[in-house]
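Once you scroll down, you'll see the structures, which are given as structure tokens.
Next come two complexes, and both contain chain A; in the first it sits with chain B, in the second with chain C.
And then the complex of A and B:
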């Protein structure tokens, strides 16, 4: 049986919720226990989110109204869904700048190819996901096989995705997303009678699914092991190339699906649709405390998304200028990077 | 392990070398302290910048220029003399001068006023932005159509030499300048360009002009005597519908401003126009502003954030161009009453939303029209007139905006347009027809 510092790779259980972070030892002070907890869960980020929410509620009457909360949750869900692939890629020490391109590809698929005679929309979506996944897999292969930095390859892949989409659609502008796609992300829509927009429910399910996949399955543990130490992973007979190919394929496929949902939110699509989500996905991963190569999890990204969106919403509500927001976003991300980015090197010295 | 610490026997096997030691404790403590800086910084910014985001309607110093302030009543467009260092605007017929009211950039005399006819078919270059929306797609298509027609008439030769940027996420003025210089080096006689940044292009256009290459710009103004700019008046394009909507509200109500891509000159000018118009209406209170980046989905997302924290009634949304559909979608998705949306740069989608509301409850607002096809047609014609030696009197050719109101909405709304329709508006009013363009040239009969 293969083992790494992260535990057995051949068995799916038993596993800690975050196998890369140790549980707190007994006999530590309360402060030490809290700090230890922070290593396993983004407690500070969560508290900050609550504090910002409280601040917003105090400063702006109606901020916590159900309608307002639903709007904010929809924005969180959109960013959260767009961040799944980025989280997985960052965990294997990569980065995915093709996200915006594949989001556009997914959005155009649902807005432009929904009424192709003889080809139902679900078939078109499957085709788009398969094509996107294949392109993503190729990106992962190229990066790993030729040791090319993912920034270069994914940037190119994103441009290709946008270009191919434009060619296939003839540069047309489409007729908008189908009604059911629009309702997915409408803040006032409900899910099986519950006053929660469907996209929020989908996001919640995605959080659970990705967390289980990462921390309760052999594939997830191989992914984490590849990010933690590619050399050790290879020595443990993990094909890190296969992991890279799979992760980038999954990232592209998920971006295509995120594009479908975003098309519904946007109502109509142009090829700038994915741009905001590229930055936000990276920011959410970093803010959540996931380091390049791990440790990290999608749960952390989820908290990062909540913090990012809440802060942004409060700043907009309080009338901050764009420049103020950019400064604050930059400082917070730098702080997070300095702290969590440093952790890995220090940990590796142990 | 550098120091002994009490450890649970149950945890020991899994901890091994990663147990928290003093250094780890210090790092973690530092992490908590530093993470808290987010809240502290937010609070600091709230203290020093929060109020800065709200534009006081009366504090903008309305309508100020080198020739003084010209105030206007609420609901009217301020009258501001254009920057006319060469007196080129003053030399135009009086009715044309009205189109230059408050024009945001200097209007020079054209360096090509005395240019002789080329005497042969021209080689044409085309530098454009990515075809990322319906307007851009229509412009590219029309330029190709116009080129083909001009070739059939013997006015141009060879192929249309294109340098069209591909990715709106990564395009830069430097990339466009590189492509522009390649066109110059390829030996073209005239370059049609829509600059990403008019200011960034000035040096390159000056250099090309000195080599005899004519540059004709659409959209943004290039402040070079060697450029012939064909552009909407960015100030009037926003001020005219904003003033109309202010009048419809009798100068009272709550306003939200949706800004575009800040830093672009057209955005800066449009924002000033909104501030100037609102300055004359002290009872129009600006609740705040959001950044829509000229992208409807971004405008929608940012407005949703704003609406989440502003439950009060909003009476007017002044958006600075092409984001009307995003504004309508934001209000529609939250179920709130839709305010009067200043629909500058209207699209089929935004007009469909307008029509839907009008049908439901008599909704009324104002906007401006114009589409890529008609603008590109005029653009190409201007270039051909310069090459024919018609002699442009002025370096910037502009017009009064096509204002859309309840009275002429049907002229601009495409038949069967839906809220999700990404297409452009119909022609409505003619956009710089030949008879209009002729007035800007000394010898229009030559073309």
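And then the complex of A and C:
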């Protein structure tokens, strides 16, 4: 990762005179410009994604076929949808380990409660989202009111969510997801004539919606302000508690919806369905360059998701084992953190 | 200062303050109640077998303690795959290499300490968030585990079988728990390390200005955790007679749950392995009790989650009461 960044800087170096020549005194060098651009947008990650795609195309004929690209996009969309909540929570300096639990809860709802007499499935889903949202809100409230670390409370909430849905469904995992849910993420399905599966379109809309919400609305500003400095936000008459409650409620509700889509994709649902997506969501957020408490955005997470998914797809295609992938996941996270997430020196904090 | 000191006994008398001072009391009371219930319901509640069964969780929880105590979001999510790594190293490298005897224990503890040192250095020198670093280490170690042994390796006739039964007159589980506990107590009580760690965890800036080598203290905390975790891998072999990569993630979340239930403050600077042991005992005894009552595994999740929230809330409210009292 570091070498690639170095490489991109080197190739840009000859351009430096052209850019800086008109105004040498106050002009920044090309390297500095690129660095400041990198700070605002995950350029290196995007270039890496393209490089990995190129590597895959060179090594595997047919890798860039529409069919296989669609499957990659579906995988991206699933991880991306699961990471929305995590991005928001990380932006307010929290972390959400309950994602895994709520994903399972959503998946169980759609596979087990489809044939409850008198209650149609859509009503059931709304009910699940409302219950999940309420639980998430309670988590946010408890963390903020009693200053408890979110790791513990979200861990407990996820466990409770899995337990309650399992109790309600009698622990059965027999029935599969209904057809329309399966079609959402089937790689060969299309959306209103567009040749991509619905889940990809939903993800695209979500990227736009979350970005607008975060950066162009008052609520988004409140959220970012809360993450940047809770004390300053309080002084600016922002109810940080309300922000915490809302963000955790939204995160839980979105995780339930992600679980619904995942149920259609995975086929069979068990209690561990959510775990890989929990770890991937944290990895994608970190990889995209969103720091705890900001700065950050969902577009960065999106780039993180694209990189994470293409790397693992290419590695699987090239016959690498799961072991190599896991190791690479870890190394990639560390490298991304080294680029962004460094904290101030202790001696500068005195 | 002296005025506060004189009032201190009055504060100590309030139950809330008592619970704040000894943060593991809640988990201890819970564990005692559960133990009594277990003894009443299970006529064949053998101490040896129970100690052996609780040992891996207890060790995983204890190994999580030093990093959390070091403060500033310190946490080690890589304890569980490190335990598995230690077991797999024994099964695939040490035993075939003729180092299968007792010498394996210090060797593996050294390996654990080295891995912990790497995590600690990344946190301290890299100035990175501990939760992200240890998550990355979790991935790397899980991958290494899979590489070492893609399929479970069976081990028979090793001295580790004693961990499941008894070693001489002593229950094996007790020995298993005593090794990491002894390491911790030796380092933290016989040297000034314990108080240095508490000062760093309490306020690292103050510790830094007082001349405490903050970075070294933090790195040593992760190294200690790693060495303690390595013992856990051998105990897992003793219990299951196999070493497999599948256990890499098994103890990650439950170890944190045990530590939190035990009342270790996650902001660091206080507590000790007593919290971890009390929390692990409470969780294990609860699982055991629910098993006897034939409560389904699904309810276990709910009860366990509710208990966790209850325990931290209790701790937070107790801490608040004391603050008000002053």
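Just a few scattered comments:
The working rule: the second predicted complex is superposed on the first by the 315 of 350 C-alpha atoms of A that agree within 3 Å, B and C clash if a C-alpha of one lies under 4 Å from a C-alpha of the other, contacts with A are read in each partner's own complex, and residues count from 1 in each chain.
By our rule, a contact is a pair of C-beta atoms (placed from the backbone, for glycine too) under 8 Å apart; a residue touches a chain by one contact, two chains touch by 3 or more.
The structure presented is a predicted model; accordingly, all values stated were derived computationally and were not measured.
Upon superposition of the two complexes on chain A, a steric clash is found between chain B and chain C.
When the two complexes are overlaid on their common chain A, residue A:338 makes contact with chain B and with chain C alike. Legend: residue contacts after superposition of the two complexes on their common chain; A:286 is shown touching chain C, with no touch to chain B.
Using the contact criterion defined above for the overlaid structures, shared-chain residue A:61 touches chain B, although it does not reach chain C.
In the superposition on chain A, A:152 makes contact with chain C only, while chain B stays out of contact range. By the touch criterion defined above, A:166 lies against chain B and chain C together after alignment on the C-alpha atoms of chain A.
Set against each other, chain B and chain C differ in how many residues of chain A they touch, and the higher count belongs to B.
In the superposition on chain A, contact of A:322 is made with both chain B and chain C.
Of the two partner chains placed by superposition, only chain B is touched by A:262; chain C is not.
Contacts of A:72 after superposition: chain B is touched, whereas chain C is not reached. Put simply, chain A uses residues 155, 158-159, 162-163, 166, 171, 275, 321-322, 324, 327-328, 331, 338, 342-343, 346-347, 350 to touch chain B in one complex and chain C in the other.
Remark: chain A residues 95, 97, 142, 146-149, 151-153, 155-160, 162-164, 166-167, 171, 275, 279, 282-283, 286, 292, 321-331, 333-334, 337-338, 341-347, 349-350 touch chain C in the complex. In the complex of the two chains, the chain C residues touching chain A come out as 75, 122, 126-129, 131-133, 135-147, 150, 204-205, 208-209, 214-215, 249, 253, 256-257, 260, 266-267, 296, 298-306, 308-309, 312-313, 316-317, 320.
Residues 5-8, 10-11, 14-20, 23, 25, 27-32, 34-39, 41-42, 45-46, 49-54, 130-134, 137, 166-170, 259, 262, 288-291, 295-298, 300-302, 304-311, 325-326, 329, 333-335, 349, 418-423 of chain B are the ones that touch chain A when the two sit in their complex. Every residue of chain A that touches chain B in the complex is listed here, in rising order: 5, 16, 22-28, 31-32, 34-36, 38-39, 44-45, 48, 51-52, 55-56, 60-63, 65, 67-69, 71-72, 74-75, 78, 100, 111, 155, 158-159, 162-163, 166, 171-177, 182, 186-188, 262, 265-273, 275-276, 278, 307, 311-322, 324, 327-328, 331-332, 335-336, 338-340, 342-343, 346-347, 350.
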